[in-house]
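Two complexes come next, and they have one chain in common, chain A, joined by chain B in the first and chain C in the second.
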Partner chain A sequence: MHCLYLVPTLLINVVIILIPALMTISLAFFRWDGISDPVFVGLANFRALWPDRVFWTALTNNVIWTAIFLTVPIAMGLLAAAMLLVARRGSSFFQVIYFLPMVIATAITARVWQGMIYSPVSGINGLLNRFGIEVADPLTRTSTALYGIATVDLWHWWGFLCVIFFAALRQVPQEQIEAARLEGANFWQLMWYVLLPGIRPTITLMMIMTVIWSFLVFDFVYILTQGGPAFSSEVLSTLAYRSAFYDLAVGKAAAVAVVISLFGLAATAFYIRAQAKEFDR
Partner chain B sequence: MNRRDVLFSGLKLAGGALLANTALGTIARAQDKQRITWWYETATPEQQGFIRDLLVKPFTTKNPQFDVAVDYRGTELDKQLRVAMLSGSGPDIVFTAGPSYVAPMAKAGQLLALDDYAAKFKWNERLLPVFLEMGRYDGKLFALPKTYETLGLFYNKTLFEKNGWTAPKTLAELEALAEEMKAANILPFAAGNANWRPANEHYVSIALNAVAGPDNVYKALTGAQPWTAEPFVKAIDTLNKWWQAGYFGKDYFSLTDEQAFALMASGKAGMMPTGTWQFQRVATYFPQNNAEAGFVGFPTADGIEGPVYPLGVGSTFSVAASSKNPDGAAALIDFIFSDEAYGAMNTAWQGEWNMPLSDLSKVKIGTEVPALYQEAMKTLAESVAANRYGYTTWTFLPPATDSYLVSGMEEVWLGRSTTADFLAQLDATFQGEKEEGKVPAIPAR
Partner chain C sequence: MNLVENRTTLRLTYCALGIGLLIALFPIALLVLNSLKPAAQIVQNPLALPEVLRWDNFTRAWADARFGATMLNSAILTATTIVLVCSTASLTAYVLARRKVKSWKIITFYLLGTTTAPIQLFLFPLYFGFARLGLINNTFAVALIYTAVYSPFAVMLLRTYFLAVPRELEEAAIMDGASHWQVFSKVMLPIVSPGILTVALIIGLYSWNEFLIATTFLQGAERQTAVVAFFLLSGQYTSDWGEIMAAALIVTLPVVILFVLLQRRFIEGMAGGAVKG
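Up next, the complex of A and B:
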């Protein structure tokens, strides 16, 4: 009888997750324009990805994105959280300030950066240019477009990590921190030997989620550059979107989505293993 | 119960009955009306007002049996529409993103053949035949273009007069003028794709028609020659030469088309190669700069009779096969193609409601509409009627080819690809889609 309690959540999972996931996987083996009847083509969609240089550019960009988000915002978040813990005064105020970008809608954040900061006409860059300081719009160059978008996402993201890490750091036993201080540990030693080991599970979870989210990144890229200029900021999700809705190649889009899922799956497997080890301890 | 109470109760009863009667009557009348649903793309509140007051109200006044519900779906309309059509829950009036979407939808049985309505409403006589051809699939009529547009050259007439310049008629004159502008620290081409990345294809369309010529484009579209042929190499090389020479400026990827238009109106840029939809911005930006706008057909290369007006259709009207009110939907489409609606919409909102009527002599357009716009539309209609038109890529190329063209041209401009590689991939994509029957109907020249 108690199994019945599972039915509502199972039903939601089946309808919202399992069926669309299975349909996406199966569509990867069909040629379909999203309008007429699908035609089975076996592995042709996956084979077509292999020589597709845009696919490889997108995959590389996702890897670069993951590397950036595994390091920069996590380091910034940890540092700021530790400082909030050490200097308690005003910590609530700073938490709110750091978290604020997270509650602003993505589209608004993106448009603010595009129009009010990067733009050479209406943005701060334009103001600097008028004063003779030449600053290019990073979104318009193939060498900087991806980093220009990553900067916007970092601004919006790192505060969230800071708040999460701060909440975790507050769970570290106060005696350990006091003991380290009495032993004469400086800020970095306190960080390395007490605080970081104390919140390791949280850091691991955030890093794994970062890998998954990095392969799903879409919104900022699509709003700011749509993968351009010249495919330089294309990521797998924008490639899938363009394939499905502009090229009317839904099968190829599904194949790209399967590739994205594989990375997410690998990260999830790693997380489950790490969690199992944690329980064993 | 005294007399006053009786009177009051009586009044309440009578009032209640009257109210109930009125409410029931309203509901009954609303139920009697047959609803026509229509999903539209982005429109500002002012533009939504034009649709409500100049299309819907006059139509429902003349046809009180119908009730029209317009739903504004924004820039993602075509994606939402395709999903809705698959599930059979789309609107009665199908507003496609262009002729290239008509064939697959018709093939999938999602659209209603309009031949009977064409006969009933005399569309074959009232509309330019080229556009009816574009809406056909398998010999049947499935779509009518909402508006047609062309590409040309806007310029700042006041700036030109001040500098003693005249509008260019040949590519050599255009390039000489652009160099003069650069020397005077004026940006030759006001252009930007920050808000609409496919704007790249406006310039590709211009180059293909002005340099390779419409006859060559027609041959490529019908499969008589590949896109790698010499005329197209020359066209893309010319466009790339303009980019490398700085005609488009360094802020192309940062500017929106509106910002670019404002640059031209202010005299910081001299010309703007773009579409007739930009006429809607003339009244906003030129008067505030005490300047006057000019518009001419884009100059052509030696050997190409010009100017060529590339024909563009950005959206079409169809009736859904699943529509419960196809007669109402067809009647509304017919009203939109009336002289009355043409005059009213083009008076209020220029550049977006240029329905392909074959006879504009009975159309009454407001005196406040710039003569420049009326002249341009008249020239375009005459060019189309005389078979002197070119081809825009967003109208005549199939979806994946068109999508690649947008990013592929950027790759050539930014040195990540060559003209030969770009055209080779364009051709491979086109031939693949041609085999799958995705190339829209190309009217015979």
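Up next, the complex of A and C:
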């Protein structure tokens, strides 16, 4: 009887996600342009990725992206959350403002940064140039494009982490904090010995999610640079998207998608294990 | 909590928090400020206050991005998604929270797994399959994709609300002769309605802002969403940044107003989904 309650969710999920996902995995072994009949080519799609410079750039960029997002926004979020705990007064006001970038559409955030900050014509960079301070548009240089994009994503993202960490910090038992204060711990000691260990499960969970999300990053890269200039900011998801819809190499796109999923899968295993404890309670 | 005896520490803390505030607000301020300026003045100095308020940026943005039509498209898509997610996810969350079926654990893990599945893993066959079935430029088809993508999150969040309902209530209703369906719809649903509202808000925010799926599946002018219309408007080479920022403000304002009014629900929902699972 209650099985019926599950039917709508599972039906939609299986038709939209599971079946197409299984098809993607099998398509990775075919050559297909999306229209004619697929041709089985074995491992050729994967073998073609091996010497492909763009593929390795994209993979490296995803790894760099993961490294950036495992450190900078998590540190910013933790620091801001701990300070909110110290400040107490006004913490909900700060929280709302920090969170605000998260509710703005990625397409809009991307264009505001592109036009109003990075642009040498209409942005802050242009203004600085006119004052004699040379700042190039990071998005137009191969050496900086990825970091220019990452900065935008960082701006949009760190407040979310701050809010999550602050919610977790408020659950740290009062007595532990007071005991540390009585023994004369300063802010950094309190953070290192009491607060961080107190919210370790939340930090771990966010780090796992960061790894998963870092391999999915798409919107900001696609809107800001389309992976350019000269593929310098290409990531796996934009590479797959372009292969499928611009080059009509769906088999190659599927192979890249499988690579993305392998990285995600490892992190997902950790994620489910971390969450499983919650369900056994 | 008495973390601080020291006034200097407190002052430093507020300074640092204030810097965070500036970082978060600076690009937003640029957006609002320049939406009221003519393009020529933006090029001169993006930081300057507008000399004359150029309201015509908004009328031109409204006309060029066809916001009359595209905002309606976004609203229909968002509303359809909210209805689909809330109705299907509340059923599933109830069954999983109360462990009504033997396989509850496998289903929970399966749904958790799909929350982390990359869109690219199912996007390509889905697109070419929908193309063959004539479902491209179909708002309902996209609402179904959103439902599949967002409902695992909704199930996990609603599950925590169902867990908080005392079992005695359910048992009492069954003693009074209520059917399973009546227990769910007449007893449980009203109690978890705050949770459903939270889910509706967050799913609404996600669907309104979503880019990748909307730009792939709704390419035709007649079904475009507001965000995609903005993206196309801002991608043209003859960039009038005053008009683009006005368009950005038109798309963002409804979301930001709703967020500020109902911030606690948004924040608790989004954080709750992550912290509690």
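Just so it is clear, the second predicted complex is superposed on the first by the 260 of 281 C-alpha atoms of A that agree within 3 Å, B and C clash if a C-alpha of one lies under 4 Å from a C-alpha of the other, contacts with A are read in each partner's own complex, and residues count from 1 in each chain.
Criterion: a residue touches a chain if its C-beta (ideal position, glycine included) is under 8 Å from a C-beta of that chain, and two chains touch if they have at least 3 such contacts.
Keep in mind that this is a model prediction, so the values were computed, not measured.
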Partners on chain A (chain B, chain C) - clash or fit: clash
Touching partner for A:G34 - first (chain B), second (chain C), both, neither: both
Which superposed partner A:L10 touches (first chain B, second chain C, both, neither): second
First, second, both or neither for A:Q226, with chain B first and chain C second: first
First, second, both or neither for A:D137, with chain B first and chain C second: first
Chain B versus chain C, judged by how many residues of chain A each one touches: C
Touched partner set for A:V121, first chain B, second chain C, both or neither: both
Contacts of A:D247 with chain B and chain C, given as first, second, both or neither: first
Intersection of the chain A residues that touch chain B with those that touch chain C: 34, 121-122, 245
Residue ranges of chain A touching chain C (in the complex, touch as defined): 1-3, 5-6, 8-10, 12-13, 15-21, 23-24, 27, 34, 79-80, 83-88, 90, 94-109, 111-113, 115-117, 121-124, 126-127, 155, 159-160, 162-164, 167-168, 174, 177-178, 181, 187, 190, 202, 205-206, 209, 212, 215-216, 218-219, 222-223, 236-237, 240-241, 244-245, 250, 253-254, 256-258, 260-261, 264, 267-268, 271-272, 275-276, 278-279
Touch list for chain C against partner chain A, complex: 1-4, 9-10, 13-14, 16-17, 20-21, 23-25, 27-28, 30-31, 34, 39, 42-43, 45-47, 84, 87-89, 91-92, 94-95, 100-101, 105, 107-109, 111-114, 116-129, 131, 144-145, 147-149, 151-152, 155, 180, 184, 205, 208-209, 211-212, 216, 227-228, 230-231, 234, 239, 241, 244-245, 248, 251-252, 255-256, 259-260, 263, 266-267, 270-272, 274-277
Chain B residues within the chain A interface of the complex: 78-79, 82-83, 85-86, 104-105, 107-108, 110, 194, 197, 250-255, 259, 399-400, 403-404, 407, 410-411, 413-414, 416-417, 438
Chain A residues touching chain B - in the complex, by the definition given at the top: 33-37, 54, 114, 118-122, 136-137, 139-140, 142, 226-232, 242, 245-249
